[in-house]
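Each structure below appears as structure tokens.
Consider the two complexes below, in which chain A is the common component and chain B and chain C are the respective partners.
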Partner chain A sequence: MSQILGFLAISMLLIAVLFFLLYRTGALSKEVPGVSDEAFSVPQVVDDSLKQLSERIFGSDDWEFVQSHASAASRHLFLKERRRLAHAWLFRVQRDARCVMRAHRLAAANMERLRPSLEIQLGVGYLVILMSCKLLAGLISLVGPTGVHRVVASLTDLSARLRGMAEIELNVQEFSAMSASRRAR
Partner chain B sequence: MRAVASEWFQKYRLFFAYVACVFAQDLFFLEVYFNARKFYSSMYWSAEFLTVVLGCGVTWEIFQGTLKRCRGAARMASSVLIFVLVTAISKVAVNVWDGVAPWPGTMVELERNLRTVQAAFLIALGLLVVYYGIPMGRNLIGIFFGYGLFISTSVLNLTLRAFLGAPFQAAWVYLQPLCYLAVLTIWCVSLWNYREVPAPRVEPRIESDYEQLALATRKGFLQVRAYLDKGFRP
Partner chain C sequence: MPSRTQLERVEEARRDLHYRTLSKLDGDFAGLVYLASTRDYNTGQYVHDGLAAHFTEPIAEQVLAAAHQELFKQLALSPLRVLANEIEYYIRSTDGNFNEVITNWKMLQPYRMLAPTRCDQLLVELFISNIKIALAIVGTDQADDR
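Our next item is the complex of A and B:
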């Protein structure tokens, strides 16, 4: 019986993949522009203005001022607008992550020395970012941008620690890549 | 006739051979059915095996045509496909060794198993095409979609036929030609004219070294994660 279910699952999965492929092929040819040298430059893809915006949107300074000086209606309006701003900010972060990944995929598809294990790692990293965005979006909807940091204070510590570890690993890789290229010269 | 007129038969030779073989078989079996019916059943399954083998060639042609300009994706696909093949062969070998599932006794089972391996190949290839955004021409999409649909409906039909037996036979008589008619319509529409496979949308100069590209991507992700951290902790 399990064998029968396996065969049925494979055939249904193939049908799903075919329709998804048909949909994506049409969507790609219409929406995704070509990627060139100018477009693909990761540090520029992720805009620095996002940093300043995030400090303002998620910071508590403005909220504390409104709380002490404004009426209840103004406070309500402030929170509503901040929530909208936070969602827009999150949308930009997601768009930038998608842009980085899309550029990587388009470029990597043509490279001969592509490493499947590294591709899987990057894919997982991308998925983690998307899931974090969804989590943050949910938190913004629930408690608002000004309340997010209170709720997830403990989680951010963990995230920062993980990022620190990744940065160390990246530096080590960068150093070894530089040493290898020097030796080659 | 359209294959010759629009000259796509030179580009997709195995697919053309497959379609021509199926057409010749149909004409031949029509003759056998009316004039030598007692041989029909045995001859049908022998010929069906030939088309299954040719079908493997079509799968290979889809693989080659899709990934010929994307060396990286081709490398990735090869790894995935080798994994699929090794897994499938290992499973069959272990089952036969243990006597859990003996070597297929009937032609229906053998055909179903071969079609299932092709289905697994096409699933892996389809996912890679979507993931890397590999451009496919109209002709190749038509062949992929039509053949994939044919394979999936074949596996469905053959599985249900082997499982349900005689009660499904009545439905099988109508279902198989209907599915094949749908596939022929897809091929007819998509292969009416020859269309060149579009070149990849990416400039080859972007990054010459894969390690550098991967490093740049990871840096980009780290930056995005740093901003997300700001969201969580201003």
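Our next item is the complex of A and C:
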């Protein structure tokens, strides 16, 4: 019992750190010169897919329906299936974050000048996503997918922000390279 | 890039499929079953003689594939309550015995063939998982009614 309480306390602390870092990341993002907030948006397809899936997998309306309309066996099946899907969703988020960072590393190798603040934001964002996924995996096993709905919404936003930041960095560098080549001509 | 006329033809074919066929079926689930059945499981290509004759084979295939993807996504992301109602309505509209159909669906899992060829794997998993749960709920309801 004391182990579970300790685990919950650590979980709460990590969630608090997550929200703090989310806030900081959001605040810092606006400091990139010449870049509007809109530019931080993520391609709609990727963003929508992850978000729509999370709303269905972690949302409470299906569970409410099952609680009021289904037998104990069906309720058990629902919880088992949703836990499995929730873990698959977390796996997807981690995979997407890894893809973004891998693409960013490849692009960064050819960049003339890196922005240290953005690199730190990307690194922190990436670590927070990985840590949150591990934490959520434990919480899902304890309280079920519907109990972590709000944290999942924050994680989805952070995942989208990470991709947006990586894309922005790439676009800024491409723009700089284009401007430099025009000036050279 | 497709020409304006080409886009207009695709839109016309889309409307034709919707009004002549899909709107006349009993519910969205029946529409999904129909669209999945127009796909050749060996080649993965969609075949519809009527649409192909009116328009062209590529247009017919494009329109069927898009309609299949759209309807699948809509049903996969719909609330479980809606999906359970759709499945119950569909099974009741077939000629088979309700309980037999449920038992066969649970055993043979024919609904796995309803997913489009190119589709988000997690979305497919969600759909299959929701159908399993919906069948459990609908099957239990039926047993309770007896």
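Note that in this section the second predicted complex is superposed on the first by the 96 of 185 C-alpha atoms of A that agree within 3 Å, B and C clash if a C-alpha of one lies under 4 Å from a C-alpha of the other, contacts with A are read in each partner's own complex, and residues count from 1 in each chain.
Simple rule for what comes next: contacts are C-beta pairs under 8 Å (C-beta built on N, C-alpha and C of every residue); 3 or more make two chains touch, one makes a residue touch a chain.
Please read all numbers here as calculations on a predicted model, not as lab measurements.
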item	value
Touching partner for A:Glu167 - first (chain B), second (chain C), both, neither	first
Chain B versus chain C as contact partner of A:Leu130, first or second or both or neither	neither
First, second, both or neither for A:Val143, with chain B first and chain C second	neither
Partner chain in contact with A:Trp89 - chain B first, chain C second, else both or neither	both
Partner with the higher number of touched chain A residues, chain C or chain B	B
Chain B versus chain C as contact partner of A:Leu114, first or second or both or neither	first
Contacts of A:Met101 with chain B and chain C, given as first, second, both or neither	first
Intersection of chain A interface sets (partners chain B, chain C)	57, 89
Chain A partner contacts - residues on chain B that touch it in the complex	69-73, 75-76, 79-80, 101, 112, 116, 119-120, 122-123, 126-127, 129-136, 141, 144-145, 148-149, 151-153, 155-156, 158-159, 163, 200-207, 209-234
Chain C - residues contacting chain A, complex	77, 79-81, 84, 120, 122-123, 125-126, 129, 132-133, 136-137, 140-141
In the complex with chain B, residue positions of chain A that touch it	3-4, 7-8, 10-15, 17-18, 20-22, 24-25, 28-29, 32-37, 40, 42-43, 45-46, 50-51, 54-55, 57-60, 86, 89-90, 93, 96-97, 100-116, 118-119, 122-123, 125-126, 129, 132-133, 136, 145, 148-149, 152-153, 155-156, 159-160, 163, 166-167, 170, 173-174, 177
Contact set on chain A toward chain C in their complex	49, 52-53, 56-57, 61-62, 65-66, 69-71, 73-74, 77-78, 81-82, 84-85, 88-89, 92
